[in-house]
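Going by the order they are written in, the chains are A, B and C; count residues from 1 in each one.
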Amino acid sequence: MVASILPLQVDALTLRRGGRSILGPISWVLAGAGITVVLGPNGSGKTSFLRAMHGLERINQGDLRWAAPMDIVRAKQSFVFQTPILMRRSVVECIAYPLLLDGVPRAQAHMQASDAAIGVGLGAVLNQPAQVLSGGEKQKLALARALIRAPEVLFLDEPCANLDGRSTRDIETILADARDAGTRIVMSTHNLGQARRLADDVLFLYNGQLVEAGPSLILETPTSPELAAHVNGDLLP
Amino acid sequence: MNELWQGLAHAARLIWDFDPGLWEIAGLSLQVSLGATFVASLIGLPLGAWLAVNRFRARRVVIAILNALMGLPPVVVGLFVYVLLSRSGPFGVLGLLFTPTAMVIAQVIIITPIVASIAHQALRDLWADYHDLLISLNASRGQRIKALLWDGRRALMAASLAGFGRAIGEVGAIMIVGGNIDHVTRVLTTAIALETGKGQFGLALALGFVLIALAIAVNLCVHFLSRTERSGRW
Amino acid sequence: MILKSLTFVAGIALFAGGASAEDLKLAVTTSFANSGLAEVLLPQIEKDTGITVQLLVVGTGQALALGAAGDVDAVLVHSRAAEDAWLAEGNGTHRREIMYNDFVIVGPANDPAGVGKAALATEAFKAIATAEAPFVSRGDDSGTHKMELALWKQVGIEPVGEWYRAVGQGMGAALNTAAGMNAYILADRASWLNFGNKADLAIDFQGDTALFNQYALLPVNPAKYPHVKAELVQTLENWLVSDTAKGLIEGYKIADQQLFVFNAKSN
């Protein structure tokens, strides 16, 4: 149970859709600790990259090699979507659902879920249907649900893209706490400020290729012209 | 128009007087149609869910056939079941012909495609919604179907009720396999056919109104018991 | 809770197929059922013999088919030729004549084809064909239909044309159609008297002995179908030719008219 699923070797990963290549080949290693921020303009392949690593996309060429058998790998990672996918249930039931899938008894699962909900600030709406929450509340719910199984790796696809400042701050706090507790986080974002606040290391994607990768200070001193332009706020062709 | 009002009044009188003949055939109507709906739901709802969730090569063909089966002419189904259950047929030894059981069997064949098709359509949309999440959460195939069936329960209920509506108003199949035997296999629809054939339009209309009232009552009951359409919640 | 009640209902529905030992399935024609005589005979039969007769009311063709398939225990129909053919195929043991009623030609009250002036049924039919007056035929291979076809054949006319409408329905439904079209139709007297929607129709021709309609009981052959309740059928047959039956059959009147004449020969 203590065996880690990391490192993940991404080896010449290529995705092709409708005849054209939309991602790759990309080679990278996901290991260590902390938060990796994936940057890039719209259409650069950030979402596809994250989904591919998580196992939601069919890979056309290349390899994804985890350090553990796939059944353990699947159980120890989570994903937060840009637009939260919520089941038609109450807040507590939504957060408890992954635990129920694992066979945790209902009462215990609900108790854990309630604690998690309170932990992200949803204590006041425990039994409301998830559909009536605000955007920020929904994303916090998705995050609490993603963390409830204590995953080793957490992927997030632009989690704060549609949120206001306060919700963004709340979510960044939760992510920082999770990182401190040992969760390895890989998230994409459009927000350079957020990248500066959270990133331990950075990946920059452009046109489906991994153009530059390195510790977070490459944001201050980018090597590639594309990243420099992106950090500058320029539109890339 | 006058005949309609007379029929309505006649229906009210029959109900008010607790006419025992009426309750006998109304009771059997409910017994047969509710029984058929129950069995058809047991088969059709999971089938609809399974089709919504699985991808296989013949999927489009199967769904097209399922939708086509919704238009099965009941009298053809009745003939088919009659041939199977007849004494000179393969299942004759069971002695099921001209019993309510035969009627339930025929109606199950007729309404299962409807229940499965509507369930499939409703759950398709829900599955499109839940797809990435359930795969991400590593839910097994059975767990995915369970989640769809539970969260989609209102739509599934509508599918079952659609099946019930078809069953309670059906007459062609149960006339053949039931035989419309007095006190044994006579239900509201076959009684209506009988009285119409005798030219007794007033009584036939009255029975028709009772049938409609019964169908409405069942639907109301189900909606009340499952607390749908309460404000604020879907 | 819904689940429990539905399970209960399903249970009843699925297992309510049980029949009692004294049940007997008898296929009869719509003409016989519509006469209302069954409502008088069946209770008395149950009282005297303990047999519950379950009636399946279908056309003659279907009744004989059910008997041939072994799905009923006996058949009561009124079509000599079809009965003889059925017996020749080995489907039954014998035929026992019970009673007869007569057919009448029903049509518009003002009798546009002048059917009332005919002396014989065949002449009446000829008049209808000549006038091309609307005529509704049972068209369903029933005893009534066969009687009608026999008359056309006798007169040498092939009934074809817009005026001749074969509906393929039971007696009551066919009368409905005739009422709706204000057409002529051959019907058994009992069904006509019992019919509730006479509209503008009336009896235009009656009385020719050619229109007499013999009912017979045909037990299904137990050698072919061992499960058939041959002994109960025998008891029923004995009752149907008894004096009690005679009294009830001849005492049955609609609008003060006797419908059936008992002509069974006793054992």
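To be clear about the criterion, contacts are C-beta pairs under 8 Å (C-beta built on N, C-alpha and C of every residue); 3 or more make two chains touch, one makes a residue touch a chain.
What you see is a predicted model, and the numbers here were worked out from it, not measured in a lab.
Engineer: What's the chain with its C-alpha centre farthest out from chain C?
Structural biologist: Ranked by distance of C-alpha centres from chain C, the top chain is A.
Engineer: Which chain has its C-alpha centre closest to the mean of all protein C-alpha atoms shown?
Structural biologist: It is chain B that sits nearest the middle.
Engineer: For which pair of chains is the number of C-beta contacts greatest?
Structural biologist: B-C
Engineer: Cα centroid separation between chain B and chain C, in whole Å?
Structural biologist: 33
Engineer: Approximately how many whole Å separate the CA-defined centres of chain A and chain B?
Structural biologist: Centre separation, chain A to chain B: 47 Å.
Engineer: Just curious, how far off is chain C from chain A if you go by their C-alpha centres, in Å?
Structural biologist: 80
Engineer: Which bits of chain B are touching chain A when the two form their complex?
Structural biologist: Chain B residues touching chain A: 129-130, 132-133, 135-139, 143, 147, 151, 233-234.
Engineer: So in the complex, the part of chain B that touches chain C is made up of which residues?
Structural biologist: My answer: residues 30-32, 34-39, 86-89, 92, 95-102, 104, 179-182, 184, 194, 196-202, 222, 225-226.
Engineer: Which of the residues in chain C come into contact with chain B in the complex?
Structural biologist: Listed in rising order, the residues are 1-2, 6-7, 9-10, 12-17, 19, 25, 30, 34, 54-58, 68-71, 169-173, 175-176, 179, 194-198, 225, 227.
Engineer: In the complex, go through chain A and note every residue touching chain B.
Structural biologist: Going by the criterion above, the answer is residues 54-56, 74-75, 78-79, 81, 85, 87-89, 97-98, 101, 129, 131.
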